[in-house]
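Across the two complexes that follow, chain A remains constant while its partner is chain B and subsequently chain C.
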Partner chain A sequence: MNKTAGISLETVFERLALDRIIKRLKELDVPADALTWHRFFGALLLALLVLLFLSGAFMSFYYSPSPGSAYDSVDYALFTVPFGDIIKGIHHYGWNLFLIVMGLHLVRGFWVGAHKPPRQLTWVSGVIILLLIPAFIITGDLLPWDQKGYWSTQVRISIMRSVPFVGDFMVRLLQGGPLTGIVALTRFYVLHILFLPVLLTFLLVIHFHFLIQRGLSDSLSGDNLSTKTVRFFPVMVNRWLILFLCVTLVLGLISWYWPAPLGDPADPTDSTYVPKPEWWVLFLNQLVSIFKGPLSVVGSVIIPGGLVGFLIALPFIDSSPERHPARRKMVMLVAAIIAIAVLALSIMGYLEHHV
Partner chain B sequence: MRKRNQKESLHSKRRTFIKTTFLCSGAAILTGFPLVSYFIAPALKKATGKWVDFGAVEKLTPGSIEMLTYEFMVKDGWMVLPQRGFVWAKINKDQNIKVFSSTCTHLACNVIWQEESNQFICPCHSGRFDSNGKPVAGPPTKPLAMLKHKIEQDNLLVYLTF
Partner chain C sequence: MNTQKRIGFIFLLVIAFGVLFILNSNEVTGAAKQAVTAAKIKKAPTGLDDPAWQKAKSANVHFEGKEKFAGKKAAVTTKAVYTDQEIYFLFSWEDTTKSVTKGAWEYDGQKWNHQKGNEDRISLLFEINRINNFATKGCAIVCHVPEGAPNAKEGKFGTSSAAEKGDLWHWKAARSDPAGFADDTWLTVISEKKGGRKGDAGKGGDIKNMTDDKSKPKYMLAPGKKLAKNGILLASDSVEIKDYSVFKPGDTITYRMPKMPEGSRADIKAVSRYANGSWTVMLYRQLDTGHEDDMALNPRKKYNFAMALFDDSGDEDSYDSEVLSLQFGR
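Presenting the complex of A and B:
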């Protein structure tokens, strides 16, 4: 079967010095518990990331990072190039789904105590990845140079500028000057397609390093599933491939029926355009609106900063070996309050800005 | 003898460590300094500004607040591009003029003058400013920026920074 023109596949692997790696992969066993459905959020994130990298890389073939031509280049790629709508749609719906699945991955990890010893740094590295994602959205949003992207960027830049002492410098550093023009657009583009993906890949390698070294978290039910094993290749790999095919198909179909939005070209003189906060930032936006005057720093810095601090410090706060949610009442209560507050603020924000 | 060997081995380890650290720092500085400077250089430039001509003062109606749009060419990096926007001019009955920036002091959306309520409103977070640019409702705490202006040869000139 493996013979091709008299040369076996094994010989090819040997010539390529891949034989040992292939052998190790073939013999690699993972706990059978890895096949549980809720353990696939991570794999789904990986599939989405591959799709985002691919669609993004291909979109760059038709993209021109200049305020005079960026919009037209995106419009051309979207409506003229074959499959342009699908590729942009996969990128657009892909990152939205990525945020949702990342939230589920985090909640699931918290629920089963995946941050407990010895996996503290698996959790922390995951939280750092989570914090990097908004940078992708901020830099990516401006690229089509449409009204939504331009004005959302103005709001974000203004928030950044309000940071005491260093705010103005940070804005100039990000934009490459005081203007949101060609230098800023080029910077955002290069950060979005080169520096941030390289950083994300590096962080993912660290996340996987801890995952491989510290292993998957044990099953909550405590049954003997974890003692049974399955082969990584082909069992796990095939599951991942099925997942990749399914998510590609679903995103492709969604993009086909509901093409990714592209608003009007950016117009800094437009006094009627009101940027609406996106769903993932509604709760933060609502916090900013609630705290007024001298208390505004509470909503814009203290609470979000506290939340980030809580996520990073969680493995060290909730460090008891007890992992069952029913026996971690205090930390569950705190998490529930945070989750309800985020949900309530998001609903309030949605009603205020989108209805 | 054994103790001496141990001591020497420790010294050798320390020497290797210092040497490698020194070389690493050198490599980091040598590559890092020009690269970091290259990246942050534009951020160190100071803001510039220019006087923009908004036309004849007599065209402005006394006792009103008017939107004045501008478009001028600005060199941004390697390209000269149009910079567009607008400001709000308040013309008092006595011809005294105040010019406000259109940028909301909360989160940088454009404020709009609403004749009926006699207020500037920001559509993003419902911030409101009175006709003198003072915040009266919503999240903004700072007044609208008042822009430097002058009248030369009967034309209104406003100093815009960018």
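Presenting the complex of A and C:
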């Protein structure tokens, strides 16, 4: 089976000095429940991430990061290149689903106390990854150079500018000048396809490092499946590949029936266009509109910053060995208040902007 | 996996995808632009009253008057359907006067005079290549001359650069409809001397029926031929007048004789009816004609277009629509 033209696959690996790595991978055992339904979200996130990287790489072959040609290049990739609309759709729906699953991953982790010792840094690295995702969305949003992306960027830049002391500097750094033009588009593009993916990969390596070293969290039911092991290759790899194929198929079908939207080309002179905040940013947008004038920093920096601080500090605040939600009433109450507030603000924002 | 977990998993996925669809629908994220949605049909409509039109959703498109119609409003009920090969538009609008004169000749017993009156028209403008800011400002970008253009006073049509091209579908009650077509033209860059409007490749348009001294018509209906719709003389049915004594006072002859279009200029076919104070016009064309001077329609895309309505008028005396979005149902 492993022989090709008289040379065995083992020989090829040996010549390539990969034999030891392959042997280790073949003999690697992982907990039996590393990819089961109750640990589904992490594997799904990885599948979505790979899909996002692949679809993004495909689109980058056709993309031209210049205001005069960006829109047309996206239009071409979307409607002229064979299966371009499917791939763009997979990218579009992929990141939306990624955010949802990431939220569920976080909630599930919090629910089962996955942030508790000795897994504090697994949690913290996950939260940092979560914080990086909006940067992907914000930089990616501008790339098609359509009305929605352009004017949404203007709103985000004005919010960024309101940050005391560093706001103007951050805006200048991000868009290379006072206007959102060719330099801004190039910087957003480079951030989106180079710097942010490298940073994300680095953070993922850290996340997996802590995951491997500190182990998976135990289940609340007491079934300690983690003590049983299965081979990483082929059992775990096969499970993940099946998941990957299913996700690709589902997103592909969605993209076929509901092609990813591409709005009108950006018109910087059209001040009548009012961008509508997307679902994931509705609560932040609502905060900004509640706190106006001198209090704007409360909605744009203090509350979101506090929320981030809470998420990062959670393993150190809620550090007791008790993991069952029913016996962690105080922290559950705080989390419920935050969740209800986020949901209420999102609903308010939806009603204000989309209905 | 036990049943409880399976149900939970399915429930979770349904919620996740449901949220995804609701929050990412085009209607939510798109700008507030009136849409004309072409319904997918299997059998092409054969006329204005074909049952296929019942499948299409009506869009009541509003128009604002310009120039001599300033301050006035008009509305056109617009429908669209498409097959695998063709797209069909159906327009109907109120017009108390059927105008098809277009300066026809009338003999008063002594000499030939042009009758007063112009013609009714409707036009659609799409983008072949992207026209900067057309998506947001519509015809204001091309139909009314870029601001500061040297020939702005002449009211020429055109785009700001050669790379920007428009596809103009122009139904004319007197000059194209009698031949069964809408005039298929395109827009390119406006020059110092000329507007940017060009006829598509091939033959078409109309011929001015007049003698060299412009005092009388040169052609009349050829023997054995019949006048076309609305009493219009087609160029292909005409013959040079040899004896002007056959005419009696009150006789009329078409001044602008439509030519039967050929080639790319014959891409847009038309069927029309004027009844009960309203025009009903059907225009249809291949989704993709394969011609460089036409915009190709892909049912997976959305297209910006704008319309203009002309009530017995010429030049820029028109009613203009806002930018519209042509979408395709599935």
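Rule of thumb we're sticking to: the second predicted complex is superposed on the first by the 350 of 355 C-alpha atoms of A that agree within 3 Å, B and C clash if a C-alpha of one lies under 4 Å from a C-alpha of the other, contacts with A are read in each partner's own complex, and residues count from 1 in each chain.
Everything below uses one rule, namely that contacts are C-beta pairs under 8 Å (C-beta built on N, C-alpha and C of every residue); 3 or more make two chains touch, one makes a residue touch a chain.
Since the structure is predicted, the reported quantities are computational estimates derived from the model, not experimental observations.
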{"item": "Contacts of A:Asp267 with chain B and chain C, given as first, second, both or neither", "value": "both"}
{"item": "Partner chain(s) touched by A:Trp37 [first = chain B, second = chain C, both, neither]", "value": "second"}
{"item": "Which superposed partner A:Gln120 touches (first chain B, second chain C, both, neither)", "value": "neither"}
{"item": "Contacts of A:Leu104 with chain B and chain C, given as first, second, both or neither", "value": "second"}
{"item": "First, second, both or neither for A:Tyr257, with chain B first and chain C second", "value": "second"}
{"item": "Touched partner set for A:Ser64, first chain B, second chain C, both or neither", "value": "neither"}
{"item": "Touching partner for A:Thr229 - first (chain B), second (chain C), both, neither", "value": "neither"}
{"item": "Which of chain B and chain C A:His354 touches, first, second, both or neither", "value": "second"}
{"item": "Partner chain in contact with A:Thr11 - chain B first, chain C second, else both or neither", "value": "neither"}
{"item": "Common ground on chain A, meaning residues reached by chain C in one complex and by chain B in the other", "value": "267, 269-270, 272-273"}
{"item": "Chain A - residues contacting chain C, complex", "value": "36-38, 40, 71-72, 79, 85, 92-93, 96-97, 100-101, 104, 147-148, 250, 254, 257-259, 261-265, 267, 269-270, 272-273, 276, 278-279, 354"}
{"item": "Chain C to chain A touching residues, read off their complex", "value": "1, 5-6, 8-9, 12, 16-17, 19-21, 23-24, 26, 28-31, 33, 130, 132-133, 135-137, 298, 300-302, 304, 330"}
{"item": "Touch list for chain A against partner chain B, complex", "value": "66-68, 151, 154-155, 157-159, 161, 169, 172-173, 176-179, 181-183, 186, 267-275, 288-289, 292-294, 296"}
{"item": "List of chain B residues in touch with chain A within their complex", "value": "39-40, 42-45, 47, 67, 69, 71, 74, 76-79, 81, 83-86, 102, 106-110, 112, 123-125, 138-139, 141, 161-162"}
